[in-house]
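What follows is a pair of complexes built around chain A, which joins chain B in one and chain C in the other.
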Partner chain A sequence: MFVFLCFLPLLIFSLAFLALPLVRLVSASVGGEQGWLIYAEIVSNPRYMQSLLDTVLVSLAVTIAAVLIATTAALFLTHNRFPGRSVLIASLTFPLAFPGVVIGFLIILLGGRQGLVNTISSNIFDTRIVFAYSMIGLFFGYLYFSIPRVLLTVMATAEKLDPALVEAARSLGAAPLQVLRDVTLPGLAPALIASGAIAFATAMGAFGTAFTLATNIDVLPMVIYTEFTLSANIAMASALSVLLGLVTWALLMFARSLTGTSIAASG
Partner chain B sequence: MTGTELQLLGCAKTFAGDTKALLPTDLVVKPGEILGLLGPSGCGKTTMLRIMAGLETPDSGGKILFDDEDVTKVPIEHRSIGMVFQSYALFPNMSVQQNVGYGLKVRGISGSERDDRVNEVMSFCRLDGLADRAINQLSGGQRQRVALARAVAPRPRVLLLDEPLSALDAALRDTLRDELAVILRGLSMTAVFVTHDQSEAMAIADTIAVMRAGRIEQRAAPEVLYRDPQTDFVASFVGGANRLSGRFENGQLHLEGGTLKTGIEGQQPDHIFIRQEDIRITNPDGASLRGKVIGRVYLGTHTKLTISGVCEAPLMVTLQGADAPKIGDLVGLDIPANSLIHF
Partner chain C sequence: MSRRTAFAIQFAVTLLACAFLLVPAILSILAGVTVNYFQGILASGVTLKWVGQVWELYSDTIWRSMGIAFGCLIITAIIGIPAAYGLNRFPGRLSRIVEEFVSLPLSIPGLALALALLQLYGTIKGFRLSFWFILVGHVLYTLPFMIRSVLAVFSTIDLQSLEEGAASLGASSWQRFKDIALPNAWPGILAGALTVVTLSIGEFNLTWMLHTPLTKTLPVGLADSYASMRLEIASAYTLVFFVMIVPLLAAMLWASNRAQSIGKPS
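Take a look at the complex of A and B:
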């Protein structure tokens, strides 16, 4: 009885805020004239499928880049103490506080038509470089807010790794890269998987940045917004939302099972 | 004896904030010798071990020699040492066999040569049948032997052990201590180990360097250290001898609990000690030295008594057998003059 009472808040929360809206979303998606066939329509529509593919690709690229950059930075920050270190960490995690719109704005300031990069390149090399309004701009925007998420998780784990493990590998003759491959990265693996999954899921669903940069960007959240507000096609917007959720979930499960087996095999 | 001679010349270590962890120290470990660095925490013994390993660099002027080679600037990965860590630091993502073979793998030794070496070392360290086990499936004693096997598999010039037994249960420690002593002796490799436990040091080491406050107080074989300590710290830290402090007059020591004939001629020595097992309990009537039992711990093979009223600090006495006096009893004490340690 007591256990059930402890379980109750979770049950209520899951039902009210997770299960019910999802059920509602699915039922809204099949509430149109074509019913369940709406999903067939999505699959056969090249524009929807292309935008899904683009969304997955940009999210994957962001995840990989964020994990690479943040892991390098986290390892450096964990092993080195220098003046201004805490200020640097604070400023690295600063983007967490920004909404997507602000990040989009920052990307425009950097890579827009009047942006810093274009001004420099036009004046010095007489070439125009504008990347803000494309997938490249989106990539940088997502990367900007993914890095702090990965950085904080990896740093927390790196600080808990037993320094004697690295010393032991070195005492056995391992060169720095061998230590990284055989000791440090396996030790960080759980954090890399967890933070990579968060970075990926966040990028899949991010909207504000894409909305600010607009024009040439057709990621799935943008398509959903367009269907919902401009076409008032609620069924299609709902169906695309369900698809976005399912694909993200399936890819994360797949990644987890891959890494799970590889860890078990090496252990 | 085979092995490498290890020498420290004027090695000191000052940490940030001007903390002197190790004062300038010279030390020679002969080929094949097992040296124990013994001392309380913060005495500099671990710092000295880490300097030997290459995990710390000595202050400028200090030198480390392996035979005639100056390795002071050689980083740990090229120094060819084997190290057993306090926490064992076994790689959790590798099996027992992979752990033991790791030093050979990174040196590029592969195939049958590696397998043979790994099998040889594993059977020497009594790890047969555990090759494919994961680290978290091992007992404390097995972990310790894996750590040792991993350290010696690449045939290092010097083996360094940092508190190799402190991570184990007290019950297990005595057995594994004797086992470790046998294995280390069988390796006939120059070895240095750090410990804060004097019985551990005595069981394993050929010679012991007793350290305090960043310097070596005395370096000698265990029996010499026990029988002939050169400083008061060594006398009380190794074997827990009792300090007898009182007024010295004509070869007699006047204590709170009576008078003791010391047989010492001439000047008063700086320190007079008596070992716990050298004190005999007698009838208090007519005894020249008396005290009162305030503590009694029965330990099977012997009984430890704490006796007050003899001198400033309570006197610790170890008696064989169980027929020792009870708490509160008044006892006489016979302290043979030839058992006194004085310097």
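Take a look at the complex of A and C:
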């Protein structure tokens, strides 16, 4: 009886503000004149498919870059002890709670018209380099918030790996690259796949960064936003949201089945 | 490749990654205290006038964000702690499904959740126009963190034996929850609470869709300033945000590590 009472607040809240709204979202997506055919329209509409493709490509590129960079840094920070190590860890994790809008602004300071890169390149090489307001800016923005997430997941796993295995491989004459390929990376595999899936799903659903950088970056969340606010095409915005939600949910389920951890898909 | 080369490459990549994350943040902090960013900090000098202007223009968003974060903490605690206790008592298939379901807001983009909430409750004006609407969104998003954080601690201690002992001495269900479960779960509650507050203060995706001109939060105000204010004010506002969020994040990581180390030899 008491345990039932423990669940009561959760049940009321989740029913009212999660279950019912999600049902409403699905029913709104098929509430237009096309009904369920709206999902067929998404597939046959080149603009939506192009934006889906662009979103997948930029998310994939970010995932690969973030896993490569963060894994390298994580292994370095796990295997070496030196003064200043904790400062490096802190400076690789502090953006963890930054919302996407702030990261968009930071990318503008780096690669915008008055950004650092453009100032340096105009003054020294007399060429303008502006990359913030495009897919490249978006790539760097997503990389900015993916590196800390991947780093924390990989470091947590790397610290649990048995150092004796690496020592054994070395004493048997394995070169550093062989140790990495045959001992370290297989041990890290679940963490790499999981953190990669988290980075990918987060990039797929992120909205704030694209919103700050430019309104003409057609990634899927931006298309949903314009369909809803500018075109007032409620059914299409809902259908695209359902599609996006299903993709990111399936990916993160897959990631959690591998490690049992999850890091917020914010941004 | 020798070990020395491997070390050098790893070290270089680590430093480059640090620079990539730090440099824009430092630029932003400097811009927020520079008299004129386009002339540079050395030529034009240092000032706090932009921070002062941010306070005049946007202090309402700062207070509102703090209020919503605090409300979010209270509600997630009231809903999440008993729920985690219940889930721990019945670790079955049904509990797994409940946990998966309430964790959906972690994996569904905030934009989609906001559209869902707007379409169901958008017409109830008294609710739609109040800060409660945003608070509901934040609770939805942060609740899974509170539940998981508390549940993780429960699963490392032998709560059942403790409770059986107390029950044999005549303690009621409520007394066992209040006097045994709660004190033991404290590290998890603390870690969950700090996570909830940190995430609530930084939440943008849901809030942008749910806010009205009278219910702007800090990140919504930031987006507003990036679009319409001069760079120094936008930067000073970002600086204020950093000052709030970075200590919270540090406390959150500390508390999470502490909660995770329970039950393990230190």
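One rule holds for everything that comes next: the second predicted complex is superposed on the first by the 221 of 267 C-alpha atoms of A that agree within 3 Å, B and C clash if a C-alpha of one lies under 4 Å from a C-alpha of the other, contacts with A are read in each partner's own complex, and residues count from 1 in each chain.
One rule holds for everything that comes next: a contact is a pair of C-beta atoms (placed from the backbone, for glycine too) under 8 Å apart; a residue touches a chain by one contact, two chains touch by 3 or more.
This one's a predicted model, so the numbers in the text were calculated from it and none came from an experiment.
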| item | value |
| --- | --- |
| Partner contacting more residues of chain A (chain B vs chain C) | C |
| Touching partner for A:L77 - first (chain B), second (chain C), both, neither | second |
| Touched partner set for A:S257, first chain B, second chain C, both or neither | neither |
| Contacts of A:Q34 with chain B and chain C, given as first, second, both or neither | neither |
| First (chain B), second (chain C), both or neither touched by A:S86 | neither |
| Which superposed partner A:A169 touches (first chain B, second chain C, both, neither) | first |
| Which of chain B and chain C A:S122 touches, first, second, both or neither | neither |
| Contacts of A:V183 with chain B and chain C, given as first, second, both or neither | first |
| Which superposed partner A:N45 touches (first chain B, second chain C, both, neither) | neither |
| Set of chain A residues, in rising order, touched by both chain B and chain C | 175, 266-267 |
| Chain B-facing residues of chain A, complex | 162, 164-165, 167-175, 178, 182-183, 186-187, 263, 266-267 |
| Parts of chain B lying in touch with chain A, wherever the complex brings them together | 53, 55, 75-78, 80-83, 85-87, 89-95, 102-103, 106-107, 134, 150-151, 154 |
| Residues of chain C touching chain A in the complex | 1-3, 6-7, 9-11, 13-18, 20-25, 27-28, 31, 37-38, 78-80, 82-83, 85-86, 89-90, 98, 101-113, 115-117, 119-121, 136, 139-140, 143, 145, 147, 173-174, 177, 198-199, 201-205, 208, 219, 222-223, 226, 231, 234-235, 238, 241, 245-246, 248-250, 252-253 |
| In the complex with chain C, residue positions of chain A that touch it | 1-7, 9-10, 13-14, 17-22, 24-25, 28, 69-70, 72-73, 75-77, 80, 88, 90-102, 104-110, 114, 116, 143-144, 147-148, 175-177, 201, 204-208, 211-212, 221, 224-225, 228, 234, 237-238, 241-242, 244-245, 248-249, 251-253, 262, 264-267 |
